[in-house]
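Same chain, two partners: subunit A is paired with subunit B first, then with subunit C.
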Partner chain A sequence: MTEKFEPKIVAFFCNWCTYTAADLAGVSRLKYAPNVRVIRVMCSGRVDPQFVLEAFARGADGVLLGGCHPGDCHYAEGNYKTLRRMRMLERMLRGMGIHDGRFRLEWISGAEGDKVRTVVNDMTEKVRALGPLDLPGKFKEWDKEMEELETQVNSGPAKGEAVHAR
Partner chain B sequence: MSDNKQKKDALPRVGFYVCHCGTNIAGTIDVAEVQKYVSGLPGVAVSRDYKYMCSDPGQELIARDIKEHKLERLVVAACSPNLHEETFRKAAAKGGLNPFYFQMVNIREHASWVHTDKKAATEKAKDLARAAVARVQHHRSLDKKRVPVDPNVLVVGGGIAGIHAALTLANAGKKVTLVEREATIGGHMALFDKTFPTLDCAACILTPKMSAVKSHPNITLWTYSEVEKVEGYVGNYKVTVKRKPRFVKEDLCVGCMECIDACVFKEAKFRDKFNQGLGKRKPVYIDFPQATPKVVLVDPETCIQLKTGKCKKSCAAACDRNAFDFDQKEELKELQVGAIVLATGFKTYDAGRDPNYGYGRYPGVFTALEIERLVNASGPTSGEVVLRDGRRPKAVGIIHCVGSRDEKSNKWCSRVCCMYSLKLAHLIKEHSGAEVYNFYIDMRAPGKAYEEFYDKLLGEGVHFIRGRVSEVSDWAMTPDEEGKLVLRVEDTLAGFVRRVPVDMVVLSTGLEPQTDAQEVRRRFNIGCGTEGFFQERHPKLAPVNTFTDGIYIAGACQAPRDIPDTVAQAGAAAAEALSLIDAGFVELEPNTSHVLEEECCGCKSCVPLCPYSAITFDETKKKAVINEVLCKGCGVCAAACPSGSIVQNLFDDEEIFSEIKGVLSK
Partner chain C sequence: MPDKPKVAFYWCASCGGCEEAVVDLAEDILKVVEAVDIVLWPVAMDFKKSDIEARPDKSIAASFINGAVRTSEQEEWARLLRRKSQVVVSFGACANSGGIPALANQFHKEDILKFVYEDCPGVDNKAKTRPQTECKDEGRTLSLPELRETVRSLDQVIEVDYYLPGCPPTPKVIMAAVQALLSGKLPPRGTVLSPDIALCEECKRKDSKPADLSLAEFKRPHQVLIDPEKCLLAQGLVCMGPATRSGCEALCPAGNMPCTGCFGPTSRVKDQGAKFVSSVFSNIAPKEEKEIDAVLDGIPDPIGSFYRYGLSKCLLRRKLN
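Moving on to the complex of A and B:
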């Protein structure tokens, strides 16, 4: 591999804290890794675990979820619901072989522009070290295997039956 | 799920615009390349780049294109939606397009300003643009909901900021409730003797405003009260206020203070908080002669009747209006207001946190606030500057920047200390004739007539030594240091270490957020900066607004500031509240959720999730119902609905899934 692997990270940032913090990082001209693509939601509680799974399935190497600190949610308690859901999702992801560090939940307040920088940089480095996840590629491989199996099954019944008959 | 249900040829016609923002974006991102790339995406009918999209010609361009090219969707890649989303929604509307057929791409704050690698930043911009183009095709036509605004206002904090905001609003004919935690309004300004740089008497300019608050027909003044709970939303807040018992009926007491004389304690012997502990008071007391409201109160910690129930109650007997009520209980009151101005002020740095300055250890060390009371004619010494043992100081050292500009405590400059130190230097010299030394790091006098005031002090013979004092000690090295406090300082202009013996040390303590600033901002659902002061919506363009609409901030709760700036900000906060109220209504973001009735399976998962109790369950239909007036649009329910039958406007599943697919598909 000659080209350095650049991880693709999808981020879901809540409008009131983490998205604002990322704006602040911009206004403060902090510099960080260009690997994250931010999707804005009103509250981290809007993030359906399916969004995270979809992102991985579509080829993300990491997913970052940013919300307000506990107790600071603009909608009183949305981030607690996020926490509950994501703890469960983390377990599921582990079961699916998606390592720790590929999915990350961070509390970043609107004043913490610098935390956006450190979290993005840190996550980019860690995911880079883990290497590509490439679920779409794996799906293709699995599809191919399935196809091969299918053709084997479809083309072989005569032989199989013969064996069975004997 | 995220696949477009519509046929390729039926895709809505998208107009895409990428902004140069001068060189802010174009300096890092190849906008021409982004423009060219997006022009090839499915559905894109027009793709342009332009110097300043937010300018009038930029908006005109959009409006014209919508008409000429029959655009059905709009995507603008520029700055943060927090800045210009509204601008481009209006441009869309001007072109005859529903404003919610628009999606903004943030390639300035989230890309060009934070990345240095031009190629990578351009790729990121392309990814984000592609996602927005995919997403916007799922947008639906929406309308903003109008809700009426309650014309009443709550002002929290009765310092000069709260007083000024309340008066401005009341003069405009609005009904204002002013809530103050202490027994009197006036705040820190009521503690001061003179104000810099004009040296006019603080009480003379403040007390008329205090009485104006008390007598204003449009102001309800609740002192000794605190806000307990805030519910509702912009224009419609329900506030619960706790009124603490004074044990004196406010409407009966006329402030004659006969009761104080009659108290069974012949001598005042309890710490007087108002006088910074330099004076004493009785269990029944009034903070200062011009306290507003001029009503006494009883301290339950020290009053014998309240502590033991066994006092002859000579105070109550002395009251010819029968104002005493030892059974008074805490009361909870509810208020309905449209806007809230928070002016909760600051606290001063605890000088005891710098042990090398000896505060609390050497009786000759004072805080600046204590000196304010000493030089005040209505203070504990009637304006005599004396040490705690009654001696007059012959030499006084004023140490600047205590708890300011210090890595170990607070990094910020407290802005007012240089100026108040100059004021105190002048007053101490005037009141006691002492030699006064100022120890400063940098002299900061940026204000109208401030530098001139500094010049005046230089002319008055006050000594200025540039350097941060390392320690205050009573260890004498020479006979003339005996019995003195010695300040050790590196004089950075002369280039050597000085020892300066003085009798009195004044610590110019900095300004900090209130101890309970975090609890207060949570109660009002606003934010704090890292240093703990309330966070404004925009540091330059929305300095009195917060991220919660209808809640404004004024004065030193937002950052350290002096009286003129505080008053200006209070006026600004009042004006913001007025512009909200006088419009009569607010338009709410239509990002609320609703249930697709035919798809709802009636599992009730969503019902307990809503923090605003906006979701109910229709038992006859066995379906969940969302009250869109109560819904604030967080989307927590939409994320939890197992059947996908809750739709959050602007953040619909289809929209987000297409955005996810969009950023990743290349």
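Moving on to the complex of A and C:
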């Protein structure tokens, strides 16, 4: 493992504010860490906590969620719904051992291209310091305890032959 | 009677309630017993592992397996029955999604063993003896199954053909499943044998469920006098109805207790707990972090509340290091 660990961060950005801000960061030629994979959603309120869990389960090292500032939601209330859900989701993630900023919720308005850069860079560095989460690898690791029996039972004597119980 | 289909019942990590559910069929159980030959049922009849091993592969028409899979022995039995059966039915919440035993996935095996055999008040075990998978006694070798690190649902160990939900499955869903099996009119493989809509749909309190819950406080059932007519969520109780599959006829709400989610989610939901958070917590009243947190404090054990029967099927599967 001499290769430097590059965190994979899945980012859900709302169409009206944070995605626009990321666009602005682009046209302003701001440079930031290439570790985020941005998924555009119409509203941060569209992000079901299931999406966050699935991102982790499929190998994300961090999940970033960006929406409009409170009061600025294009759909009036969407970001409040996000805030309430994600406060609860954070408690659950902590309970399951995913914490220390692997999940982050940020309000970034369409004018804050610079904040996209700051947040993405900061989160990338923090997650890099935490190291890989690698849930897909952990799932495989956890299931290794079943390997031995699987071969034993399924490669047992052919059908119909009597075997004595141990 | 060689023509009757052969049926096996087995239990893994379970409380015995699912076995009770079979007996709960009352007179209907006679119809079942008439139609099938039971070749394995540890709770009620004396068969040995060697009896099953001696059978040809796929010679059992259907195996009903309840309980989560937590030990090497349960794993071995599940795999054996899979090999010998045409159809495996995952029976009850523990087999479907880990059930109550899967709550242990919030802890590490070592922590659990240490508490149970050393730290638990009332334990007198100065030598810190713990069960071993093998020990010698007067020249004989005795063995015990190994406790696994992770509690699994049945389908995380073997392929499962059908699921019967519930803690335990109700007589109605069991009979419907048995009739479908006997008549050969089977739905596609992998189907949960219960209506694929949310529990609220069949709850008598449905009409009093407000469109916007706007909850300012969560309460636990022992802290309030529960109104027997009104939607339980609207009363500030954690009722899992919106994130739970119907089929039980809303038994718990009918008994004036909130749904705890034992039928698991509908087919569109990947993670019952997260979906519950999605639907209910977006609708609490406050808008400021501090006030939101105060409302959330009313639920001291979110994982145990939202994944009471399904932590094995949480997308994260278990607690990390």
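What we mean here is this: the second predicted complex is superposed on the first by the 145 of 166 C-alpha atoms of A that agree within 3 Å, B and C clash if a C-alpha of one lies under 4 Å from a C-alpha of the other, contacts with A are read in each partner's own complex, and residues count from 1 in each chain.
Quick note on the criterion: a contact is a pair of C-beta atoms (placed from the backbone, for glycine too) under 8 Å apart; a residue touches a chain by one contact, two chains touch by 3 or more.
Here the structure is a predicted model, which means the values were calculated and not measured.
Engineer: For A:Gly110, decide between first (touching subunit B), second (touching subunit C), both and neither.
Structural biologist: first
Engineer: Just subunit B (first), just subunit C (second), both, or neither: which does A:Asp48 touch?
Structural biologist: In the superposition, A:Asp48 touches subunit B and subunit C alike.
Engineer: Which partner does A:Lys140 reach: the first (subunit B), the second (subunit C), both, or neither?
Structural biologist: Neither: A:Lys140 stays clear of subunit B and subunit C.
Engineer: Which of the two partners, first being subunit B and second being subunit C, lies in contact with A:Lys8: first, second, both, or neither?
Structural biologist: In the superposition, A:Lys8 contacts subunit B only.
Engineer: Identify the residues of subunit A that lie in both the subunit B contact region and the subunit C contact region.
Structural biologist: Common interface on subunit A, subunit B vs subunit C: 45, 48, 54, 81, 85.
Engineer: What does subunit A use to touch subunit B in their complex?
Structural biologist: It is residues 6, 8, 10, 16-17, 19-20, 22-23, 25-27, 29-32, 34, 37-43, 45-48, 51, 54-55, 58-60, 71-72, 74-78, 81, 85, 109-112, 117 of subunit A that touch subunit B.
Engineer: Which stretch or stretches of subunit B touch subunit A in the complex?
Structural biologist: 2, 80-82, 106, 108-111, 113-117, 120-121, 123-124, 127-128, 131, 522, 525, 527-530, 535, 547-548, 591, 609, 611-612, 632-636, 638-640, 648, 651, 653, 656-657, 659-661, 663-665
Engineer: Under the definition above, what is the set of subunit C residues touching subunit A in their complex?
Structural biologist: My answer: residues 48-50, 53-57, 59, 72, 75-76, 79-80, 83, 106, 143, 148-150, 156-157, 269-271, 273-275, 277-278, 281-284, 286-287, 289, 292-293, 296, 302-303, 306, 314-321.
Engineer: Name, in rising order, each residue of subunit A that touches subunit C in their complex.
Structural biologist: So the residues of subunit A touching subunit C come out as 45, 48-50, 52-54, 56-57, 70, 80-85, 87-89, 91-92, 95-98, 133, 135, 138-139, 142-143, 145-146, 149-150, 152-154, 156-157, 159-166.
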